[in-house]
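For reference, the structures are reproduced in the following blocks.
What follows is subunit A paired twice: with subunit B in the first complex and subunit C in the second.
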Partner chain A sequence: MKKSVALPARMAQLKEGKLFQWYSANLSRGQIFVKLFIYVFLSVVAFVFVYPFLYMVITSTKSVNDLYDLSVNWIPRSFHKENYTYAWKMLGYPRHFLISAFLTGAGVTLKVLCCSFIGYGFARYKFFGKNLLFFMAILSIIMPVQTILLPQYLIFANLQWTGSYLPLLVPQIFGYGLKGGLFIFLFRQFFLNLPTSLEEAARIDGCGSFKTFWRVALPTVRTSVVVTVVLAMVWHWNDYYEPSIYLNNAQMLPLPSMLPQVKAAYDSLFGGAIDATASNAGALVSEGTLMAAIFLVVLPVLIVYAFLQKKFMQGIERSGLGGD
Partner chain B sequence: MNKRVAHLNKSPLQEFWRQNGIGYLFLAPFLILFAVFVILPIVIAIGLSFTNYNMIQDATWAGLANYKNLFLNDNVFLTALKNTFVFALFIGPIGYLLSFFMAWLINSMKFRRFLTLAFYAPSICSGIAMATVWLTLFSNDRTGYINNFLLNLGIISEPILWNQSAQYIFPAVIIMSVWMSMGSGFLVFLAGLQGLPTEVFEAGKIDGIKNRWQELAQLVLPLMKPQLLFGAINAIVGSFSVFDVVYQFAGMPTPNYAGHTIVAHLYDYAFLRFQMGYASAVSVVLFLITFILGRVVMRVLRSDD
Partner chain C sequence: MRTRATKTQRRKALEGFMFVSPFVVGTLAFFLYPVIFSLYISFGEYTIVKEASTFEFLGWANYLNAFVEDTTFTTIFKTVVTDSLINTPLIVVFSLIIAIFLNKNFPGRGFFRTVYFLPFLLGTGYVMSILLGMDVGEEAMNMARGILLPEGVREYLGTTFTAMVETFLGRITYVFWRSGVPIILFLSGLQNINVSLYESAKVDGATEWEMLWKITLPMVSPIMLLVIVYVVIDSFSDTGNAMVTYFFEQAFRKQDFSYSAAISWIYFAFILLFVGLIFAVMKGFIHSEQSEPRRKKVRT
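After this line comes the complex of A and B, so read on.
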């Protein structure tokens, strides 16, 4: 009912900013003043939000001399690329990047497939005890991981899974694991907002329940799947807690878990001292190196997000999280 | 016809399966794992909470002693309980309101894409990475960026020891947490606002809606219920995960236990002191709190259907 303007037309309107045109069409002097004020306010707040980020990027290019020269605040005298080469070495970048990429890729794939399946069950089927089960899913979202960390660890230790990637991957299959409940909730919303007519038609054509889900329902919500993929990707890439508990071998750690080592080297040899570890003897671990390491860790997610942002926003608009 | 009759002849169990079976099959993965990795640990934790257990010797029965100590003798726990709620009360609502307000302001502005990225970028970056950046910004000496700024403005005359003095840990942690919490909630709000149908606003204008505040209260908020719910759940989760920020920023234990939360207490007893029985009692309390919160969330969600 609400959607009387066709979707492509609405997207075009949005692009031209026509949605709120009636605000700007008849602006009095007071309103212009208000608008100006909002711009200034937003710019200030945006600057505050971006500041730590800018600080990181700028500091990562500074040489030790620039770091201690108070006149060099925003623009470093030269691009000190050694920061990046040292950080690259200390992080063991190629190896740990691949580990992170594997864990993120596998985790996101498993999570999206399984949580959509479970969410579909919640959205479409009536069965005894449904409310209780949904309550448990919600509970698993808001319960801090630490609540059951200890017994969980004991269970994984008994299964002899600690020291492998299994504790990080297997729970995904079952819709648990990193924020799994949240994804079940999201997919339930997506499917609840999908009209049932298509699926009924498929059923009449002789599709079974699982085939209907796989061939009809899931492809129909694919724009929304992008939303879950982006959210899951960001969270999996940044997950630091679980790997640091279950993986005891430094060679197996994903990329973000390597940062504390760089930080420790920086702390113990505070700024500009010689890093004594044999592999990078002579490397200067300055604040610049530390910031370069952080930037290298967050960069892949930023790049992928930049490519997916548009689809992501469209996905939310069209899915159950959109206005209608 | 025959098929229908055949159903009627089946046993009650078969009838139950016919009605509920497929639903259970879809949920099977969830059920199995939830039982193994959530319910079982909770049961283990409840069991351990009545014992003394240090992971080396066998557990010995302690009765209610752990709980008695927790509530009657352990002042640090009471501080942690209080801190957890105070943190949650500040970070949850501030983060929630701020992210909605920002999304609402940005929505009608130009440079939307740039502003969106500016507000979302912090939460794409891993918490540990950003905590390290903040640590240098909140550095304790005169040249630390925030100290330097405040000194220049003449607001303070001595540099503040941000992560070592009990009274300043709290505001610093609130600032960092709110900064990081402007994430998925904000994005979902913004996309929801952009998806609102134009005609509703035109109709509202004809019906006598005068300004943006009226429009917000009478049109935008009711239409955005799904996103607001998602944001609320997100905010609750965020407000309870403050432990990570405190731990990165001020270490453990914090001076005067100013940043001590229930999760920190749990971590302390489980992974530093290895008093598993006592730690389990703490986690049971934590579980009960989330259980109550879960009931509240369910009630809100049910009013949605």
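After this line comes the complex of A and C, so read on.
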């Protein structure tokens, strides 16, 4: 008896729910199956996307016993926090985190300031050699870094910049460096999609060209700028290639460039011998330690992205990345 | 009157030049000089011994060697090219499908959007190569395979077919992990399609399927070109790519700078040709931005 009373009330509750309202508003009965299929499809694909991440997080909490125990698959018996303390030590976390934060912060700032400046010139002005210059920007995107790596290295060696952060930072001022051409292209695209009327009004009111750019054009595209900030942040943070070429001192490397060391310690352990670095840290590098190290490296990006996510998606929706 | 016009024009050109002037400096110092240098040394033998460099001109020798003597180069080149040729359309189609789904309004959309962007956050650098190198990706596929293809069905279908399916699934993991940015690009493109187009089509009695082919795909085609070019370049110039590591090995491990330059130029020429081809082929399919708004105005 009790049940039959409760059920209609429960149904009424459900009807007020957001999900139910959405279903009843959007779907005829046949369409439910289509939507259901979409959900299942998205979930299966999402699982494949998330799996490596879950695997990493779970393995990072496993002790060596848990790792080789086949009965322990998803839920480790205990949280093995030593993995994290070893990984923290091996990565030299505080120092290299600060280096990474500095390089990423400088990279993002320079990308947004310099590439928007250059991109604005390409979007709004006509001048001699513009097409040729833009072709150069496209060419620099297409060309693999390795083609011109040696001459670039020689330039920086001649300037005695190798072993400092200058080779990573200075080219960025001039629109080069990590994917510089791509960012110029993106900013050009943003400004092309922006109606010129606002800037024209500013010009009539007596704004100079630089002031128009800085005070009117750039603030107007700020939703799109968030997109470039996120992209630049992720790329700069994860970049390990150029830093490991120009910085010959291990003490100066950014965080992701420390990962190969941990990986090497792990590999050598797998080969049977305990690596010198591993024993220095007083640790056995298990797969758990390796995964903990990876997690520590990617964690800052995940945290910052969590804060920027909403703005980022707004930026994606509003900015015309393509077109033309 | 005429002189004044040219005067303001000249002033505008000067202002424009001011904006791109950093890029001009950068192009000369960090791009054009290295490019010419690298092209120059590829036609000879460049050596550095104790700060002093020597150069001996050899003509096309390095380029010939790449095809005649070095069997490693041609094999790596072939696999990288075929891999890219197969992966690119898969990534483009897959990310377009996901983007179309994610563009619909449904509960939990935000969650899925974050999930599909996760590989990009994790995986643009060394992390991805470790995770994929530890067969974590394949393990994921093994589990997903159980969902998609139950064991009984696989046995029933026979080994050749399942082997085919499995290589396909293995490839798909790679495709998934590469499609973060393409999904984002497509989402942005889909958001920019004018909603009134769909509304008027609905009034005319068009089905969802028809709208997909007649509205969504034509309107998203400019982005499609951008995505294709992005994916091609991304897969060709990825630092974990076998070809690219081979250049690095030749130059910095074997100290054969000239040969490394030569093969990287062959590779670059191929990419350039390939991208040019894509532009030429896609030109006919791209919906031009100019014609559509005018037609829309006439209709409404």
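By definition in this document, the second predicted complex is superposed on the first by the 280 of 324 C-alpha atoms of A that agree within 3 Å, B and C clash if a C-alpha of one lies under 4 Å from a C-alpha of the other, contacts with A are read in each partner's own complex, and residues count from 1 in each chain.
Everything below uses one rule, namely that contacts are C-beta pairs under 8 Å (C-beta built on N, C-alpha and C of every residue); 3 or more make two chains touch, one makes a residue touch a chain.
Keep in mind the model is a prediction, meaning the values are calculated, not measured.
Student: Look at where subunit B and subunit C land on subunit A after superposing the complexes, then choose clash or fit.
Tutor: clash
Student: When the two structures are overlaid on chain A, which partner does A:44 contact: first (subunit B), second (subunit C), both, or neither?
Tutor: So A:44 only meets subunit C here.
Student: Just subunit B (first), just subunit C (second), both, or neither: which does A:135 touch?
Tutor: In the superposed model, A:135 contacts subunit B only, not subunit C.
Student: Quick one: is A:52 in contact with subunit B, with subunit C, with both, or with neither? Answer first, second, both or neither.
Tutor: Both: A:52 reaches subunit B and subunit C.
Student: Applying the document's definition of touch, where does A:301 land relative to subunit B and subunit C: first, second, both, or neither?
Tutor: It touches subunit B and subunit C both.
Student: Which subunit A residues lie in the overlap of the subunit B contact set and the subunit C contact set?
Tutor: Of subunit A, residues 18-19, 22, 38, 41-42, 45-46, 49-50, 52-53, 55-56, 114, 117-118, 120-122, 124-128, 130, 133, 136-137, 139-144, 146-152, 154-155, 171, 173-176, 184, 209-210, 213, 231, 234, 238, 240-241, 256, 259-260, 263, 287, 290, 294, 297-298, 301-302, 305, 309, 313, 316-318, 320-324 contact subunit B in one complex and subunit C in the other.
Student: Looking at the complex, which residues from subunit C come into contact with subunit A?
Tutor: Touching subunit A: residues 12-20, 22-27, 29-35, 37-38, 41, 98, 101, 104, 106-107, 110, 112-116, 118-127, 130-132, 134, 136-137, 139-141, 143-144, 147-148, 172-173, 176-177, 181, 184-185, 187-189, 191-192, 222-223, 225-226, 233, 236-237, 239, 244, 247-248, 251, 257, 260-261, 264-265, 267-268, 271-272, 275, 289 of subunit C.
Student: What residues of subunit A sit close enough to touch subunit C in their complex?
Tutor: For subunit A paired with subunit C, touching residues are 18-19, 22, 35, 38, 41-42, 44-53, 55-56, 114, 117-118, 120-122, 124-128, 130, 133, 136-137, 139-152, 154-155, 171, 173-176, 180, 184, 209-210, 213, 231, 234-235, 238-241, 256-257, 259-260, 263, 287, 290, 294, 297-298, 301-302, 305, 309, 313, 316-324.
Student: Flag every residue of subunit B that touches subunit A in the complex, lowest number first.
Tutor: 16, 19-27, 29-34, 36-38, 40-42, 44-45, 48, 102, 105-110, 113, 115-119, 121-130, 132-134, 136-137, 143, 145, 179, 182, 184, 187-188, 190-202, 205, 212, 223-224, 226-227, 230, 233-234, 236-237, 240-241, 243-244, 263, 266-267, 270, 276, 279-280, 283, 286-287, 290-291, 293-295, 297-298, 301
Student: Inside the complex, what are the residues of subunit A that reach subunit B?
Tutor: 2-5, 10, 13-14, 17-20, 22-23, 38-39, 41-42, 45-46, 49-50, 52-53, 55-56, 59, 70, 114, 117-118, 120-122, 124-128, 130, 133-144, 146-152, 154-155, 171, 173-176, 179, 182, 184-186, 189, 209-210, 213, 231, 234, 237-238, 240-241, 256, 259-260, 263, 287, 290-291, 294, 297-298, 301-302, 305-306, 309, 312-313, 316-318, 320-324
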